[in-house]
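Following this message is one structure expressed as structure tokens.
Each chain carries a letter (A, B and C) given by its place in the written order, and its residues are counted from 1.
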């Protein structure tokens, strides 16, 4: 017994201190305990990306109405989420997935990740349906357009008219002024690549990008590198007044009743985020309730401030600053989701070649 | 036979943990790449290795990591000497401060770094933004603390008398360093360097953020292939390449580490104050402080700006969750989660690490035994060299059915972090425990002490200092870990780096300010914890 | 010539060496003798330049060494356990200082030194494969390689077993003499000091209490404590001292230090007493005798006699084995 005694001497105070301070995750109530009665599920699991966020009262409201605990598993971005769903499709991570967008949707649909569910869509949501998803595997929940943003203050100070079109960005007048996240490492960056593909065609976009590169476009790894470091209106007060961001971004640069930035609505690509019931869900019934919940007026109204996106429900009233400064493009560029799925690899490779030349 | 049983018994737990949480997930993920259209197809994987792009990526990874490791060692050694063999006021604060970069999320540091070297930054004229130099500087920034701490701990317990004997024989300080001290420190230096190399070679955020997309490393390539393209075949090919390269590295470093009997001080004399001869240490410390301090200062200053005015507003906002900002949990809650997770990760990696170290450092009786122990030593380094993405996805597809249905377990995050920290713990402890004279163990045993008591009375007091260093590492790794954690963290309990990432990834000046403030909080917490850990002394444990 | 002038060395304000003054002429071997904790090792480290003096001076041939760093002093330091460089072979250990100086003919000199310390054929061994005595010989050879101006020895023999210590001590003396090396050795062992050195300094509580020719110090310890430390068995005072000195034919003194073999059983001896205890050794019989007018003292008897406790005996005194220490 003695040797053990010696070690307990050493470890006991430590263990005691840890336990007393509660500085350990052990003993935490784990919400992961499986439902004890398979016939009557007590929870519904939402698999989503890390940007997912909803006000707590709303979630409480759902749990009370449905009698289910809502468990949220939020990790990674839309790409990681999609790939997780594809890799675990035989043993799904939850009941509902939210956050697969139109650039990744075809991959998930092709893999048969989702079970059909024809939810009743709110007003105006029909136009966001995924082209080609005839079995209603995916339900549109929100959208946000990726657009080129400009710093109007900077252009006013420099007596220069801000650019308006994609062509303008390649104009020597705007040399060394544009910064964008790269397509390979950033989801808005990918959206911008798709914009140019839609605008210049599958054989023309390479030339456009060559011109962009010649005109001194700066590429960064992620959105925050471009916006917060290099953009003149970002947190780091950079020196480039043109940046790739979202149509909603001008609502975040408001001071004194005006926004210092604006989105160029002729340079936009629309990203729609979908929810879907996972094939093989443990609680398909609860899953459908959850999808309906995401389409409810309360959630739709909370989307702008919770997740920085526009609701698909056109009847929802937007927050004041959004209504004033966040203008949505009327006719954004589009690329067929199936084509994206098919050519993503090839396009990215070509893009890497052009931009690293 | 008894020895074989003892060996098997001691290594059973670490091996089981490694098997379930590393070998299983990684092999599961890699084997996905070998299966194309439902059948086994290794040819595709080999084809990937022939691509010119892969060659370019591998070459960049190798040279950037090598240069960064060399710089980190060259800068770290004099600093380790000053901070661990000299005594001056503020030494403890300095020591813990230098460990801070280690835990900071790369997203934020990347931003801070780029604010300095970016086109409009104060160092913009150097034209470093998006250059390989910036990447190397970033890698050194994050990893120099490993060298300082690991080598420092060994240096501190090094017997000073051989060096004194050499000096008395006419060796100048430089000659003493080259002919006596460095050879004695070689195991520790090689250990630290190999860990740094692995960290550099698997660095992700630094290469992307500071390289400005011009450069790809094996790690960023795997990330892209796995998360964006779902090209598992190519990802598997690169993962295998990573594993092979690491195995090679481990074999080489294993050879380099082996020196006869590193001398260990029985009693450590009190460190003297710095003198004129310590200028290399002072200069290097100044350089490292500049490298580490400038981005941190930029971070701290930025966190104090709201609009165009100085304000604590960003910090006040940290405690609130809802208001207009869409954080599910407040930053303070996330900090608590981070700390609790770090405590778990620390005790897990320390207990596993101690077991591994004991197994690895016991004197072998036969060639086979030595081989087995050496193999185990290397095995536990592997988690460092494998992409967090591979591991993360691997968890999801392999740990999904009994008896290891752990996908949803809250312990998965600390376990993953402990695995990342484990090699650091082992590498910090092995050089010291390896230096314990076997006769001391035998003496204790002959006096009637059982193996556990022998360990507690002979080894534990000696490894206490490196043990605290290792605990500090483990804690810091856990606090700052992002790659694996972002795959596994549950939304209702995100850690602080996850929250910071969330904040900086969304528009709004307030979010930006808060992300900087949260990073400063993370940095300050780390520094405080390190300071506290350093203050722990042997008296409480070595007394019985 | 080494000169210490009122040298004081302190650790964190705690003085370890106080006001030590010392002279050591070229070619002499000085033993600094003192119990552990007396500050003798600190004194050695200060001379080597490893500890800065708080006050006082260390001079070589009159030149102050205060600004001379360890490696420029031209001294060599040999530690208790040798402190060989474990990553180097025996030959490379011995040749270490020669290579530092890029001296020509290193190999020959190393072979010569190994022969001097009796270790031919050990050149390619690693230190870890050597015995304690062999390691010390290598350490000695390494220290002598560049003919240091002063050789500093820190308890060079005390880690060795008794027989080996004795043998190595006489070897050491021979080697130092033949090389004409000036050496300073610290030790707590009076036998070791006596066997190697010709000069002796006694240290206690940080102070040098006595120094001089080794024989002189032995004959006249500075005080009773020094006498006991030098190996005298007892110090008698007052009437006991007077009685003993009278019996030895010495002039009276206040105290007398007595070696264990100073009193010998002799039927014509001037002192009488009763045997308290008797113990046989291979060479003679050791007694404790209660002597009239003196009290209990040690004495010896030849082998073959059989004094038993309670027996009356007469004792003679060997005047050469008495010393009259100074007063405290």
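We adopt the following convention: a contact is a pair of C-beta atoms (placed from the backbone, for glycine too) under 8 Å apart; a residue touches a chain by one contact, two chains touch by 3 or more.
Everything numeric in this text was worked out from a predicted model, so none of it was measured.
Asker: For the protein chains shown, what form does their contact graph take: line, ring, star, complete or other?
Answerer: line
Asker: Quick check: more C-beta contact pairs at A-B or at B-C?
Answerer: A-B
Asker: From the mean C-alpha coordinate of chain A to that of chain C, what's the distance rounded to whole Å?
Answerer: Whole-Å distance between the two chain centres: 83.
Asker: Per the centroid of Cα atoms for each chain, what is the distance between chain A and chain B, given in Å?
Answerer: 31
Asker: From the mean C-alpha coordinate of chain B to that of chain C, what's the distance rounded to whole Å?
Answerer: That pair's centroid distance is 53 Å.
Asker: Can you list the chain C residues touching chain B in their complex?
Answerer: It comes out as residues 11-12, 45, 48-50, 69-79, 83-87, 96-97, 100-101, 126, 128, 139, 142-143, 145-146, 152.
Asker: With touch defined as at the start, can you tell me which chain A residues reach chain B in the complex?
Answerer: Counting only chain A, the residues touching chain B are 2-4, 6-7, 9-10, 13, 18, 22-26, 28, 30-32, 48, 50-53, 55-56, 72-77, 79-80, 82-84, 86-88, 91, 93, 107, 182, 184-185, 190, 218-225, 227-230, 234-240, 245-246, 248-249, 252-253, 255, 305-308, 344-345, 348, 355-356.
Asker: Can you list the chain B residues touching chain C in their complex?
Answerer: Result: residues 159, 161-162, 164-173, 175-176, 179-180, 183-184, 259-263, 270, 277 of chain B touch chain C.
Asker: Can you list the chain B residues touching chain A in their complex?
Answerer: Listed in rising order, the residues of chain B that touch chain A are 32, 107, 110-111, 114-115, 118-120, 130, 205, 208-209, 211-214, 220, 224, 226-231, 302, 307, 322, 324, 326-328, 337, 339-341, 343-344, 347, 393, 396-397, 400-401, 407-411, 413-414, 449-453, 455-457, 460, 486-493, 498, 501-502, 504-509, 512-513, 516, 540-541, 544.
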